[in-house]
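So the structure is just underneath, and the comments pick up after that.
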Amino acid sequence: MTTAAQPREASEKVDLWLRMYRQMVAIRQFEAQVNELYTRALMPGLAHLYIGEEAVAVGVCEALERTDYITSTHRGHGHCLAKGASPDQMFAELLGKKAGYCKGKGGSMHIADPATGNLGANAIVCGSAGIATGAAFSARRLGNGRVSVCFFGEGALGQGVLYEVMNLAQLFKLPVIYVCENNLYTEYTHYSETTAGDILMRATAFGLESASVDGQDVRAVHAISQRLVERARRGDGPAFLLCDTYRYHGHHVGDINREYYRSKQEEQTWKTERDPIANFGKWLVEQKLADAAALDRTQAELESEMKKAVDFAVAAPYPAVEEVEQDVYA
Amino acid sequence: MTTAAQPREASEKVDLWLRMYRQMVAIRQFEAQVNELYTRALMPGLAHLYIGEEAVAVGVCEALERTDYITSTHRGHGHCLAKGASPDQMFAELLGKKAGYCKGKGGSMHIADPATGNLGANAIVCGSAGIATGAAFSARRLGNGRVSVCFFGEGALGQGVLYEVMNLAQLFKLPVIYVCENNLYTEYTHYSETTAGDILMRATAFGLESASVDGQDVRAVHAISQRLVERARRGDGPAFLLCDTYRYHGHHVGDINREYYRSKQEEQTWKTERDPIANFGKWLVEQKLADAAALDRTQAELESEMKKAVDFAVAAPYPAVEEVEQDVYA
Amino acid sequence: MPETGGRELTFAQAIREALAEEMRRDPTVCILGEDVAEAGTPFKVLSGLLEEFGKDRVVDTPISEAGFTGLAVGAAMTGMRPVVDIMFGDFITLTMDQMVNQAAKVHYMSGGKWKVPMVMRTTMGATRRSAAQHSQSLHAWFCHVPGLKVVLPSTPYDAKGLLKSAIRDENPVVFFEDKMMYKLKGPVPAGDYTVPLGVADVKRVGEDITLVATSSMVQVALGAATLLEEIGISAEVVDPRTLWPLDEKTLIESAKKTSRAIVLDEGYERYGVTAELASVIATGAFYDLDAPVKRMGAMHVPIPFSPPLEDVTVPTEQTVFEAARTLCGR
Amino acid sequence: MPETGGRELTFAQAIREALAEEMRRDPTVCILGEDVAEAGTPFKVLSGLLEEFGKDRVVDTPISEAGFTGLAVGAAMTGMRPVVDIMFGDFITLTMDQMVNQAAKVHYMSGGKWKVPMVMRTTMGATRRSAAQHSQSLHAWFCHVPGLKVVLPSTPYDAKGLLKSAIRDENPVVFFEDKMMYKLKGPVPAGDYTVPLGVADVKRVGEDITLVATSSMVQVALGAATLLEEIGISAEVVDPRTLWPLDEKTLIESAKKTSRAIVLDEGYERYGVTAELASVIATGAFYDLDAPVKRMGAMHVPIPFSPPLEDVTVPTEQTVFEAARTLCGR
């Protein structure tokens, strides 16, 4: 495992760190509102919350340029926000409103945004591995220096296409980074029951540069991501990054009784001992890079910002029924 | 790489070795006749010859019981024969005749034979990886002690489903052995252009026992196969065996001008220095386990046996046209 | 339908009961799929089966639809009767090679020597706010493929009886369950009974117009029939129950009697099930039809997330009522 | 068709010329597939393109149909115009998720923000003695999917013009080439021209019966028309050229004029293209038809290997002639 940046770098990086802290809080507050919308029966369908995993999306995306590409998953709100999406258009999309990123046609699992290089979330497990690899193919052919990041849960390790595209990426030396978010569960099954052998070796076997990192430590995620992104941008080829993390909520907002597949105790331990925001905040305070009150203010600010975004989305109109037949063909 | 059995074992194993020699010659003579049928324009469609690779099929299949399962490929005649198929029914199938293994419905790429545990050749690259794994699943659930072998060319390493089923096999500890016949080419492309990283590690990463062997040395192939088969039968789980080998002919019988993808020089080297039959014969003679004249007789015998089988098939009738609608549903 | 003495089950319970009874009857029946064991699938259709039959027969798999479907093909060939669970019908995209090039063809290609007694259970149906990758009804693809049978039950009674027939069938059968019907209640006998494949059922007798409907569209048709009755139009509702084999006779007879027909199916209307059924009726009842056969399927658009848009993509009681009224010239 | 001054090309040469001209015109057009580079595909359709455009634009891939199709989706979204080559149409089974859940839906799910200008070229057609896994014509599946366009050229002229339109289209287009037509010669202009998608072509004008035919069935229909002429039946041959978008009007007008129609397509007849076309005509020409629309497709059997069996599975000039004669009451 890669360790986080050393304290002496702290002062140089303080802007970055405060921004990363803010982004993580934004994601958490966003997701809290999503849960709220579900509970208030205001949201159509379901949603998969990213709470607990914020350090991964933020650590990786802060190592990217705005023009770099990402692909995301069913648990994708965090990736979208970390890449720069704005909460009001996201909430509007979650509610199926015309003002949403996809004019209401995509919903929670399909947020896409060319302006921030977001090629789209995907509701097929591993469904975007090809797309992310293809974006890297374009980047290389067009020589535009962009890098592509493919986020996926460890459940995607079960899909053969992942190995097909890793092979392609390595053969063509494509600037793509496969970021595996191992949150221990694929829906309601512990990953150890569905994952034989050694995860990192599955990438190494195809010649990819691979690394694992504590996905609850945003500084560590950022540091290793930066290295892999630079490497990819230089033309040194694809990489695989395994992030150990945890989702605090259920598989989706409706997955409330979870004890048949994981214990409350386990959930508690992750929340209290390894929370990426709390621990990072504590460290920032210890290093005297931020004071506790300022961090609290950040939380409050973002909470109210998210509430405003929700209000916007709730008030926004649905698309007109005629729009159903638009956008099928370009 | 595993080395062949030591000379002192020779006398104990002489029956096995002479049988293996005979089987390799049978395959080569069979394929020579297939080529002849093509040249004489007697064969419908194409066929992929196994000449040069005989030691793999024979070394592996001699380590199996008749009730054990195999799945085969488009280049499958060798596997079928090594598992015990009879040449006359095979030729009949190749000519689309009613007397063929599949009543003429399958042809060269689909020979199947329950009597010898042959689950069928397959014209989809990697198409039988699931089937072979499933047969091992049955063997384990039904407790019948059988083992399943999945033959495939190194081109199948490109197919994601291979990794899916290796994962499943390891999770369920299934008695299946994946035998990769690396003959260097997938159709008209050298495997190094399409295969990143390390082949064996691709299996090891999923927890499989893996080994590589000189596929031109039938004793070596047999020895390692026996070990892996025993292991699987014991319940110790799946394995992956990489065999280095070479096809002497084109990708299929019609692939005559090959110099744009491989040199005559390369072909010559494999044929003269690494021929599995010649080298094994030489060794048998050196070890005084057979005399050269006897080996020559074997060749002559099998040549005439194959010619008879061809005559049978050529004379055999086609299925009646009404049969076209039979066997769609059981 | 036999008397059930008032016993009612939901559609999901009927499925579970069929599976449980078949697993008790035949030890080779087993279930394979994602989250089928402890979780009993996300729809809870399989709850309790793990407890009764254990992990060897209710098998959680990795997210490897192609891999475990392929495994099931091989297992079915060698003595098991696997029932694979594909959580959302949208994911059959990943299994097409295993189902179409392998399962459907093994019997024929082997000249009738091997058979593949397996069932794939999967879901269909929109209006669950699940967006474009979790709402499709893609059964038309499998109907197109010789060697497969395709079943679409519309009531709890049929679901239980048809699933038993599917499991006992010697061929690969695909069984589509509309997830919006899982909570639908209806009479279901406690003991063993089967509904044969290939026999349509007249769900409501009528004189003026025939509504041929599949799966949940049968419920929609019945609702429309009630509305039509109020304006004096007597509608007959015919449910083919299995799309292959197809009971053409019953469909045609009904259309001949009423002289008007609408075909209803939740798959995309273009090049889908409605085309086949309409064409069969247009040909078979050519001289009796007073109007063209009307087709009603899903709109030719990916299913949108936004509720007001999604709701107009599939036929409803009201739209069917309107169409029938127009067809009857009222 | 414009004057070509006697210039003739084969179907394969016309395809190659379209690709070469488009690659010269637009540097973002590239080709991806198995053995497309040095080998120019097993059918030699692409010979010479590597030499002109180099390895960066004519890219050999591993045997990873899902992987490289997925890569093409992502590349198309980000500035390239990839043309993927799927050697045999039977292998589209492996690409269904990438094509249907990804390529076809990206534009719609993103509310029109991303688009996927890619082409999949693949083959169709039986009677090549290639057996069940290398002989299918599975285009009906793609026709069923909103978001895709489907093209089936029947002459070298159309092949060149339609392929250019497909490459310039902003949507995913699937282009099916009957491999039995590659050597068919016909007039082809030297310079740039396009044939628009969605416009049917009347290949032969007639009065008594309409033969709607696709791909190589157009040649069969033209042959049958010649035979019919000898017995005094004047047949009109209509080629839709693209199955989606579909030029319903031209089909219906022709059937109205002749009052009798046969639809011919080499895919499986059941639940296939003939059902849609027949249903469109039966509805559109309802009041003008003197007989039911007759459908002729491939038999509902996996394609058998044995030549006499294979030959009866698909429509021929003779069977079309007989059917037309019967339909005309002679």
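We just call them A, B, C and D in the order they show up, numbering each chain from 1.
To be clear about the criterion, a contact is a pair of C-beta atoms (placed from the backbone, for glycine too) under 8 Å apart; a residue touches a chain by one contact, two chains touch by 3 or more.
Bear in mind that the values here come from a model prediction, so they are computed numbers and not experimental data.
Student: Which chain maximises the distance between its CA centroid and that of chain D?
Tutor: Comparing chain centres, A lies farthest from chain D.
Student: Count the touching C-beta pairs: is A-D or B-D ahead?
Tutor: Between the chain pairs A-D and B-D, A-D carries more contacts.
Student: Using mean CA coordinates as chain centres, what's the gap between chain B and chain C in Å?
Tutor: 41
Student: Per the centroid of Cα atoms for each chain, what is the distance between chain B and chain D, given in Å?
Tutor: Spacing between the chain centres: roughly 37 Å.
Student: Using Cα averages as centroids, what's the distance between chain C and chain D in whole Å?
Tutor: Distance between chain centres, rounded to whole Å: 31 Å.
Student: Residues of chain D touching 2+ other chains?
Tutor: Those would be 61-62, 64, 66-67, 90-91, 94, 97, 101, 108-109, 131-133, 146-147, 299-302, 304.
Student: Taking each residue of chain A in turn, which ones touch at least two of the other chains?
Tutor: Within chain A, residues 102-106, 110, 122, 124, 127, 157-161, 164, 167, 171, 193-195, 328 contact more than one other chain.
Student: Flag every residue of chain B that touches chain D in the complex, lowest number first.
Tutor: By the definition above, chain B touches chain D via 44-46, 96-97, 102-110, 122-127, 155-160, 186-189, 193-195, 260-261, 318-319, 321, 323-325, 328.
Student: Residue numbers of chain A touching chain B in their complex, please.
Tutor: Result: residues 157-164, 166-167, 170-171, 193-198, 201-202, 204-208 of chain A touch chain B.
Student: Hey, which residues of chain A end up touching chain D in the complex?
Tutor: 69, 71, 100-106, 110, 112-114, 119-120, 122, 124, 127-139, 141-142, 144, 148, 160-161, 164-165, 167-168, 171-172, 326-330
Student: Which residues of chain D touch chain C in their complex?
Tutor: Within the complex, chain D touches chain C at residues 90-94, 96-97, 100-101, 104-105, 108-109, 131-133, 138, 140-141, 143-147, 243-244, 267-268, 270-276, 278-279, 282-283, 286, 289, 291-295, 299-302, 304.
Student: Mind pulling up the chain C residues that touch chain B in the complex?
Tutor: Listed in rising order, the residues are 28, 30, 56, 59, 61-62, 64, 66-80, 82, 97-98, 101-102, 106-117, 146-147, 149, 170-171.
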